[in-house]
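What follows is a pair of complexes built around chain A, which joins chain B in one and chain C in the other.
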Partner chain A sequence: MYSVSQIIGLLCLVLGTVFSMLGILGLLRLPDVYARLHATGKVSGLGAVFLLAAAIFLTPLSAGKGLVLIGLLLLTTPAVSHAIASAAYRIGIPIKAGQRDELRKRLPKIKPHE
Partner chain B sequence: MTALIHYSVWGALIIHIGMVLICVWRVWRGENIIDRLIGLDVTTTLTLAILVLIAILEENSLFIDVSLGLATLSAIASVALAKYVADQRMF
Partner chain C sequence: MGPRNSAIQMTILLAIVYLLMTANFEPINLAFSLIIGLGISSLVRPQHLSIQWRRLPIALAAIAGYLIYMLVDMWKSSLQVGRILLDPRLPIKPGIINIHSGSESEMAIALSAHAISLTPGELVVEMDDQGEMYAHCLDISQAEELIAEAQKVRRSFLNQIFE
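So, the complex of A and B:
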């Protein structure tokens, strides 16, 4: 009684919601700004993309738009996360959860002024 | 649309609304400016997800166009805010 597209859509819906929840859990629990950025990149990079895949299967006439939006999200999410991470590093937020800081050797002129 | 999909989309919608509230609380409590920026970024992404869920519920693909506009705006806004935070000037 369920068509194949409905089953796939339901699976993508559940997967997208699970990824978003994991991202939000990471946003709350992770100790460090950079670790939190890593987690929240998954919310938009994976959670919204799987929801869009579900929308493509479950909503009529939305295949083209959904693919455009999936491509846009997959392109912009890493760029945004990287921009925020470099902004955090430039204003001198310390790396609590990291082992070592490779960038310090290559960017000596950036001094943490906090 | 079968009942199972209808209820699961409603469940996902409620979960996403709860997550948006968590993110707004995160923006309010943010220790430093970058946490607030992350919270704003995730809030806009989750509103995009909510729009897509409404598109599934209403069986109307207009909402996906709206979420396309929201996605581009939120990406550009996040990058602009990050640059402003880093260099204290926008352009």
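So, the complex of A and C:
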């Protein structure tokens, strides 16, 4: 029989795999770099958090180490997504099917090459 | 509070983090954690680190509440983005909207930008020195109200942490 911690671990494992798959699906389906960053950086990030949680419950990884790793992951992934998005905007990559762009007024020198 | 005092505080904090990381409370590891903490804090030389130890439990509780709130927020918006991704029509309305952070301190602006970027569906692309943030959203139709509401909750946590 499974113990309670094993059941929680398996649940986390399944959720982590599902969110990682959703992230890759988003990478393939979404139209441009900004939208893809939402899928890869964050949905997959949540997947990685769940996989780490599963590792805490199922492997000898200690809970303290796992929690610190989760914290560091949550701290750094948004910085990476922001850096890539900012760089993409500054070299003028257009937003596909964009409906509003309030940053254009602020940075008028950057021209999107359609 | 002199620089030596804050260096000692930083050493202790770093030692605690190291002990949590290694999860090994044997005397030799305790000594090693203090050596590492001392080494780092002598390299960094903290000047303005002032920890009010009496407020630490409240601040730690607020940090824990903030983390749980962020994880719940992340979970909900990940499900929302997942639903969009699985929809055959891919119903996205991307765009960049202007968000006013509404706070002055750099730390609070950085943390709210971090929180906005952490939730799927919102991503801070650019920010300026007046605290205006420009966020790319997957669905701009109701993003503004949602972000404003979440900002309010987050700010109450942050005020508790940095009193």
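Operating definition for what follows: the second predicted complex is superposed on the first by the 106 of 114 C-alpha atoms of A that agree within 3 Å, B and C clash if a C-alpha of one lies under 4 Å from a C-alpha of the other, contacts with A are read in each partner's own complex, and residues count from 1 in each chain.
Here, a contact is a pair of C-beta atoms (placed from the backbone, for glycine too) under 8 Å apart; a residue touches a chain by one contact, two chains touch by 3 or more.
These figures come from a predicted structure and were not determined experimentally.
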### Query
After the chain A overlay, clash or fit between chain B and chain C?
fit
### Message
Quick one: is A:Ile95 in contact with chain B, with chain C, with both, or with neither? Answer first, second, both or neither.
### Response
second
### Query
Which partner does A:Gln6 contact after superposing on A: first (chain B), second (chain C), both, neither?
first
### Query
Does the superposition put A:Leu73 against chain B (first), chain C (second), both, or neither?
first
### Task
Could you say whether A:Ser86 touches chain B, chain C, both of them, or neither, answering first, second, both or neither?
both
### Query
What is the contact status of A:Leu103 with respect to chain B (first) and chain C (second): first, second, both, or neither?
second
### Message
With both complexes overlaid on chain A, does A:Leu37 touch chain B (first), chain C (second), both or neither?
### Response
both
### Message
By the touch definition at the top of the document, which applies to A:Gly26: first (chain B), second (chain C), both, or neither?
### Response
second
### Query
Rounded to a whole Å, what is the shortest Cα gap between chain B and chain C in the overlaid structures?
9
## Note on the structure
Interface residues of chain A shared by chain B and chain C, listed 37, 43, 62, 65, 68, 77, 79, 86
### Message
Going by the contact rule set out above, which residues of chain B touch chain A in the complex?
### Response
1-2, 4-5, 8-9, 12, 15-16, 19, 22-23, 26, 32-35, 37-39, 41-42, 45-46, 48-49, 52-53, 55-56, 59-61, 64-65, 67-68, 71-72, 75, 78-79, 82-83, 85-87
### Task
State the interface residues of chain A toward chain C in the complex, per the touch definition above.
19, 22, 25-26, 29-32, 34-35, 37-39, 41-43, 46, 49, 62-65, 67-68, 71, 74-75, 77-79, 81-82, 85-86, 89, 95-104, 106-107
### Task
Could you pull out which chain A residues touch chain B in their complex?
1-2, 6, 9-10, 13-14, 16-17, 20-21, 23-24, 27-28, 33, 36-37, 40, 43-44, 47-48, 51-52, 54-55, 58-62, 65-66, 68-69, 72-73, 76-77, 79-80, 83-84, 86-88, 90-91, 93
### Query
Which of the residues in chain C come into contact with chain A in the complex?
17, 19-23, 67, 70-71, 74-75, 78, 81-82, 85-86, 90, 92-98, 113-114, 117-121, 123-126, 128, 132, 134, 136, 138, 140
